[in-house]
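In what comes next, chain A is part of two complexes: it sits with chain B in the first one and with chain C in the second one.
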Partner chain A sequence: MTAEQDTRTVEETLLGFLEVKTKAKVGLDQDLFASGLVTSMFAMQLVVHLESEYGVAIVGSDLKLDNFRTVTTMAALVRRLRDESAVTEGV
Partner chain B sequence: MANNPALVKCLVWDLDNTLWKGTLLEDGEVHLPEEVRDVVVELDSRGVLQSISSKNDSDLALARLRQFGLAEYFVLPKIGWGPKSDSVRAIADELKFALGTIAFIDDQPAERAEVAYHLPEVRCIPADEVLSVVDLPEFTPAAVTVDSRRRREMYQASFEREAEQAAFKGPDEDFLRSLDLVMRVDRADAEQLTRVEELTLRTSQMNATGVHYSDAVLRELMADPEHEVLVTTLTDRFGPHGAVGVMLVAKQDGLWHLKLLATSCRVVSFGVGAALLNWIADQAARAGVHLVADFRRTERNRMMEIAYRFAGFTEESCDCVARLGGDDGTQRLHLIPDRRPAPATMRVITPELTEA
Partner chain C sequence: MSDAIADAMAAVSARVLDRAADWDLAGEIPPSLLRELGDMGLLCAEVPAAFGGLGMTSAVSGELTAHAGSLCSSLRSVMTSQGMAAWTILRLGGLAQRRELLPRLTGGELAAVGFSERDAGSDVATMSTLIRRDGDDVVVDGAKVWMTAAGYADLLVVFGRFGDDAAAVVVPANAPGVRIERVRDPLGCRAAGHANVLLDSVRLPAGHLLGGGGQSLQLLVTTALSYGRMSVAWGCVGILRACLAAASAHAKTRQQFGKTLGEHQLVARHLADLLIAEQSATRACEHASKCWDDGSSDVVMATVLAKHLSATSAAAGASTAVQVLASAGAQDGHVVARAYRDAKLMEIIEGSNEICQLVLAQHALTLA
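Moving on to the complex of A and B:
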């Protein structure tokens, strides 16, 4: 699987997850926090979803809102974290 | 403390010859002793919830309770013909209370034995002791707060809210908007202090430091002009949520130090934590000061760290953080605040912190 395909799969899974969680249709580049509403429950669910689904740890400065603003930014975050862990594990 | 029995959070009543005198389906007429009514009203005012487990005709029994003017005092009444242990367990489950915080009162030894057999943690009380329950320590909370007096009302509101949310077809955010949420922040006064203490004791997921502040310490801080003790309450069209948040801010030169932020786990789906952080950031921006927030990781408060991070707090170093000095195990999260708009999903009523 190429990196692009991989990212697309992450995006599709996220779109499905968000549709269930928010009971609304979500677009790839739709700002999830456009209305200014950030609930602690939703933020936590996003972080835990990405971590458990893709085996990454999202900590420290990676926890900033901008990384979670859209499906595209979240998929990019997952890709970067997986690349980084591949490098440190010498894969 | 160890010798005190755990507080009873809900008392489940039998009806015939327990709440009232007589057997509704046999005698037709039943009588409610005034002293028993007083017990119900007194427990309610202490924040002890009350429910019903009765083998009876549900419509008739509820109609009789309404005639006595008592129906609204009971949450989740279970009136039917099933085993009482089932209804007591269902009441505990629906309230999300541990069985050890439930008591059951009934005149029939066989019913008490049935409940005691299946649910040994539930405290079973014979009906002839009904007038003395108000004197028992397990029915006597240490402090009765504004919120405990309204606890039953808050539970009833939350049942209605949950039912409506389950039936709501649109997006969650639209449901939140439909609630007409009003978040209010106030400088704590003496009466609100008990609510603050209760909150710091009850919160764990959304407590930034896990530190408990006692009434005495909070009282001192309240009197100190350099500290702000802020209490947040939330209301919506279903009724009050009560006190849902507390914030402790030390105002220093060029820096506001957020020593504590704790919000109730009942409101993590309402955006209260983020709204509070946004508001304090906006206030700090107007005052031209930086914000530094204490965060101490516990096993359960990751949600609070995410709330801080999503609000823009970082670990970046700054002179103002250095000035505060070190504190073992406590992280200092820093924010150079900007002006922020009020949230679109709730109305916010707040004090002006920039005026002393």
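Moving on to the complex of A and C:
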């Protein structure tokens, strides 16, 4: 699987997760906070979800709301954290 | 029960003994005792072994927290603060900060966490403490109120504004510009070291800024509070266990009108209520801790629900226990008298009843 396909899969899974959790259809680049769908409590749920689903740790300066604003930004965050951990683990 | 948790509980019991009443009356736990428990890793038992901690799961640490809460809610409050400080450092700190700070929190140093200000309680957006970069330094200005355990702490984890975003900074309690004033005669958890903390141009190396700062204030506070809520919830289970034990023992032996109190139906109902409260709060906490340990996103709501159920049940249960013990328990220092005052504060701290209800109602609406 290419990195691009991988990101696509993360996006699709996230759209499904959001649909289940918010009972609303969400677009890839829809601002989840501006649309009132997501509160800071829900952002915390997203943090835990992304961590357990993709085996990444979202800590330190990555705990910015901007990282969770859209499905695209979340998928990009997951991609970057996976790339970084691949580098540190020398994979 | 595994040896690790049994040993941990025994270590706490061996130090508290029957001294909780005296600590309540004096408004002070001997600091050396807190440092000793801290040095055993027992005040923040979930810190991973890689950082010098006991690496307990939330479920096991929860049972330890409940045990401490059944003996002394002031000690349990100190554990909540230490655990919340460690969790904040683990989540927000860079690797170097985790490596430096966490072993100190499992090595005998004590920590407190500061959110609330005079004009910023539940509404954290109005927080006015300022953290700013100045060259290689960071400067902190502000005033925090009711910081649990700050009266004992070596390290203060302080939340504040950081430009347009937010940050958490680790402030040594002895840094120039820090003034710590104990809250006099708090209603409950009287020996938990509650203090108001003034930060007047406190200048520190920028390395004290967790994760470099610049995070979302809401997310920072929600992150830190998630640990605090879980800890308070388990602590309230402990309060209920202590109340159930005291009320049952009294009702079993105290005779009135030729029979034990427990044989009087109106008193017996109180015991049933206490048992139901203790069991239901325990189940809610076990579920929330399981979500935490499984990495389930349901943890956020499960924790708020557990905190709310446990705190309200503890406040009601403590009142019931005082009713059953009557004059035998109506004196400061007595386990049910402490529970009565301590549990009330648990309905306020780490998300008041009303804030928890708003969060849960919002969740219900989202699911509709």
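Just so we're on the same page, the second predicted complex is superposed on the first by the 86 of 91 C-alpha atoms of A that agree within 3 Å, B and C clash if a C-alpha of one lies under 4 Å from a C-alpha of the other, contacts with A are read in each partner's own complex, and residues count from 1 in each chain.
Operating definition for what follows: contacts are C-beta pairs under 8 Å (C-beta built on N, C-alpha and C of every residue); 3 or more make two chains touch, one makes a residue touch a chain.
Nothing here was measured: the structure is a model prediction, and the numbers come from that model.
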Partner chain(s) touched by A:87 [first = chain B, second = chain C, both, neither]: neither
Touched partner set for A:36, first chain B, second chain C, both or neither: first
Partner chain in contact with A:22 - chain B first, chain C second, else both or neither: both
Contacts of A:52 with chain B and chain C, given as first, second, both or neither: second
First (chain B), second (chain C), both or neither touched by A:44: both
Which superposed partner A:60 touches (first chain B, second chain C, both, neither): both
Shared contact residues on chain A - chain B and chain C: 21-23, 39-44, 47, 60-61, 63-65
Sites on chain A touched by chain C in the complex: 21-23, 39-49, 51-52, 59-61, 63-65
Complex contact set, residues of chain C against chain A: 90-94, 165, 210-216, 218-223, 226, 294-301, 304, 359, 362-363, 366-368
Contact footprint of chain A on chain B as seen in their complex: 169-173, 176, 206, 263, 268-274, 278, 302-307, 309-312, 314-315, 341, 343-345
Residues of chain A that touch chain B when the two form their complex: 21-24, 35-44, 47, 60-61, 63-65, 68
